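Two complexes, one shared chain (chain A), two partners (chain B, chain C).
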Partner chain A sequence: MFADGLFMLFAVLAVLGAAGLVLFRHPMNGAMSFVITLISLAGLYALLSAKLIFALQLIVYAGAIMSLIVFIIMFLNIQPEDLPKEEGKLLNILGALIIVAPIGYFLVKIVNRLPNATTELLGNNFGGVKPVGLLLFKDWLVPFEIVSILLLVSLMGALLLAGKKKEVSK
Partner chain B sequence: MIHSYLYLSIILFCLGVVGVISRRNVFTVFMSIELMLNSANLAFIAFSRVHESMDGHVLAMMVMAVAAAEAALALAVVILLHKHKSKLDTNVFSLLKG
Partner chain C sequence: MSQLDILLIVSRVCFGAFVPLCFIAVCVWMERRGAAFFQDRSGPNRANICGFRAGGLVQNLADAVKLITKEDIIPGHLKHKFYFVLAPCIVFCIAIASFAAIPFADVMKIGGKEYIMQTIPTDLGILWFLALAGFGVYGIILAGWSSHNKYGVLGGLRAAAQVISYEIPMGLAIVSALIVYGTVNLTGIAQFQGQLLFGFIPMWGVVLQPLGAIIFIVAAFAEANRTPFDLAEGESELVAGFHVEYSSMKFGMFFMGEYVAMFTNAAIIVTLYFGGFQIPWLATETLVAYARPLTVLMMLAVPACGWIFCLWMSKNNRSHYAHESDYRDREVAVYTKIVWGIVAAIDIMLFVYLIAASGGDADRVLVMFLQVFTFLIKTTMMCFVYVWVRWTLPRFRYDQLQRLGWQTLLPLSLLNIFITSAVVVALS
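Let's look at the complex of A and B:
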């Protein structure tokens, strides 16, 4: 019962934060409400007994990635008159909801066909650092290496794009 | 009980798609994409709880790494575009329009 209450709390917070992200005009307000969504998602991961992902969500996502985004938003020093006008925003959102509704309905139909399962907390160190790490370095070694190459490439691309322009030699 | 997690994942994904389609601010579009990645993560974790195997956790970590790479590159592109046009409107960036 206590876990159900926690689930409802986190679910409502996550949906409210996502709605705020879509509705707020200034990206800083949107980023702050998105942080609420990320933190409540971390709570949901803990309820699903994913201990390592819970910590990673808080440290990497809500900590590192979101602080990078907030840093860039503050770095660009956006004034309210720099923001796009977006006159018919609510109408656009309504149209997008109508476009998305069939996709959502389809996905709900799929989920309804799945067998229901309990989500009680699992013991036996399920989702702890050691079992997940063993799995990562045994069965998922090649994808892990590919991800490391991806991160290197994106680092070099970011340096190339946003770095200082060199003087063109005559 | 697992159904409610999957319904929540569907709701978050649909809100992310709505943000990408309907908003014109570059940052909001970018964070909506992150929201969609997060809803996929929630579905991964929920399914890995159903099957009591930890492959979903590893996949969620991969998704987080992809999101970090995407954040670095997308923010570099946003800084570059802001330097050129000093606007944050996706409708301004239509150089490739025929």
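Let's look at the complex of A and C:
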């Protein structure tokens, strides 16, 4: 019962935060409402007893990445006047709605056809640090390493791009 | 849930909430006395209640009254008043919440049940601390940014860059510590440190991970925005940095948040590298087994400590000149009575325990109290190190700060990980 209430709270906050990110004109408001989304997602992970992902969500996304983004907003001192003027906003929204409508229809259909069964949380410390670590580094070692190499490549690509810009400006 | 469960939950939550708050007073007092000691002056010695100064502790009350009764100003030029008010709350609440996963005593076994002595009995441990450490920076960033003031924004920018760059060596130092301990659970980490290396050295983190301990302590100083890393405030160049526009209790929240963060960081350093609640050479089971002889020893040691303290007090708390009626004489007389009263109370309690309750579960409770006491003593000593460093080292320049973080601490912590993992793999 209590968990249900928490789920509703986190779900509503996550959706509201995401809506705020899109709707707020000021970048800082958008960033802060996105932080709320990230925190409530972490709460949803915790409700699923995925402790490690809960902690990582808070450390990596809400803690590190978002504070970097806020840092950039502050650093560049972006004000609403600096943003491009959005003309024909209503038309764009209308067009987007028409395009997204079929997907929404499918989603509603899927949700309606969900079996009305109760689910049990997996016990045995599922989602704790040790089980996830064992899975990641024993059973899925190769995919894990490939993903880390992918990240390294993108990191070096970003570095290269940033370096080139500097030479041009000289 | 039995009554015992509820009692333990309530007492653990109270401990987690009130001990950091009490330590604000202790830390501020220690900071004032420490600063006075290092600068060779007297420190707070005027504020009193009916002539009782409590060694300068009354000065804290005067500070609190001053902060609360000041006018609370929200400057008119602010565009985002909500963030302006939110920022000090974030700093303060995050600092208190990050204490929640720190164990202050070993797992207590009463009536066949095990109670984890943390405010939140989670096994996330150090991850909880890291998650909240990342959040603390929002308070400073928002404060600096919403102040809409060049000094404030510069302070916020510096704080953000500093915290983000020092989180990396801190995380890597923790990684190498975790390789040694084999768990992220802070209770588990503290239990690991109860073992003995070669049979006679306590297996504290600082013995097994000396480099990691140094890196972690330096990074923790930077995370807490304490001198020599307090560039976010930098009163000589930025006036007061991110909190330049704050007054009254909004400033008070930053002030208290800083000291709570100092206490929490000291607690985490103690837990990771100085054995946490472990009394050196006396593991929990040993303590439980020898509870009675230890109690007798304590019944003798407590009066001895009280006697030495009273002697020290009567020697130091007096005028250098001959006075007709020195008000300090009365102070010393009353304090001496209070000290002996406390000593008598402790001895009576220990005596009652020895006669009536020793053996069984009461031993566990006694050991728990001993471990809490040890933990708090160690943490207080670590807080003193914070004060010591603050009044000894001058502030870094900004480029020096970043160079230290990226060019010294980061390679060193990576090297530490390689060496640690090589040794651990070779030994296992």
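Following the convention adopted for this analysis, the second predicted complex is superposed on the first by the 141 of 170 C-alpha atoms of A that agree within 3 Å, B and C clash if a C-alpha of one lies under 4 Å from a C-alpha of the other, contacts with A are read in each partner's own complex, and residues count from 1 in each chain.
The working rule: a residue touches a chain if its C-beta (ideal position, glycine included) is under 8 Å from a C-beta of that chain, and two chains touch if they have at least 3 such contacts.
Model, not experiment: these values are computed from the prediction.
In this superposed model built on chain A, chain B and chain C occupy separate space and fit side by side.
In the superposed model, A:Ala62 lies in contact with chain C only, and not with chain B. In the overlay built on the shared chain, the residue A:Val129 is in contact with chain C alone; chain B does not reach it. Of the two partner chains placed by superposition, A:Leu6 touches none, neither chain B nor chain C. In the superposition on chain A, A:Leu150 contacts chain B only, with no contact to chain C.
Of the two partner chains placed by superposition, A:Ile36 touches none, neither chain B nor chain C. One of chain B and chain C touches more residues of chain A, and that partner is B. In the superposed model, A:Leu16 makes contact with neither chain B nor chain C.
Minimum Cα separation between chain B and chain C in the superposed model: 14 Å. Put simply, chain A uses residues 52, 56, 64, 68, 75 to touch chain B in one complex and chain C in the other. Residues 1-8, 10-19, 21-25, 27-28, 30-32, 34-35, 38, 41-42, 45-46, 48-50, 52, 54-55, 57-58, 60-62, 64-73, 75-80, 82, 86-91 of chain B touch chain A in their complex. Against chain C, in their complex, chain A makes its touches with residues 28, 32, 35, 51-52, 54-56, 58-59, 62-64, 67-68, 70-71, 74-75, 77, 128-129.
Interface residues of chain A, counted against chain B in their complex, comprise 7, 11, 14-15, 18-19, 21-22, 24-25, 27, 30-31, 34, 37-38, 41, 44-45, 48-50, 52-53, 56-57, 60-61, 64-65, 68-69, 72-73, 75-76, 78, 82-84, 86, 89, 92-93, 95-97, 99-101, 103-104, 107-108, 111-112, 114, 116-119, 122, 126-127, 131-132, 135-136, 139-140, 143-144, 147, 150-151, 153-155, 157-158, 161-162.
Across the complex, chain A is touched by residues 80, 83, 122-124, 127-128, 130-135, 137-138, 141, 144-145, 153, 156-157, 160-161, 163-164, 167, 184 of chain C.
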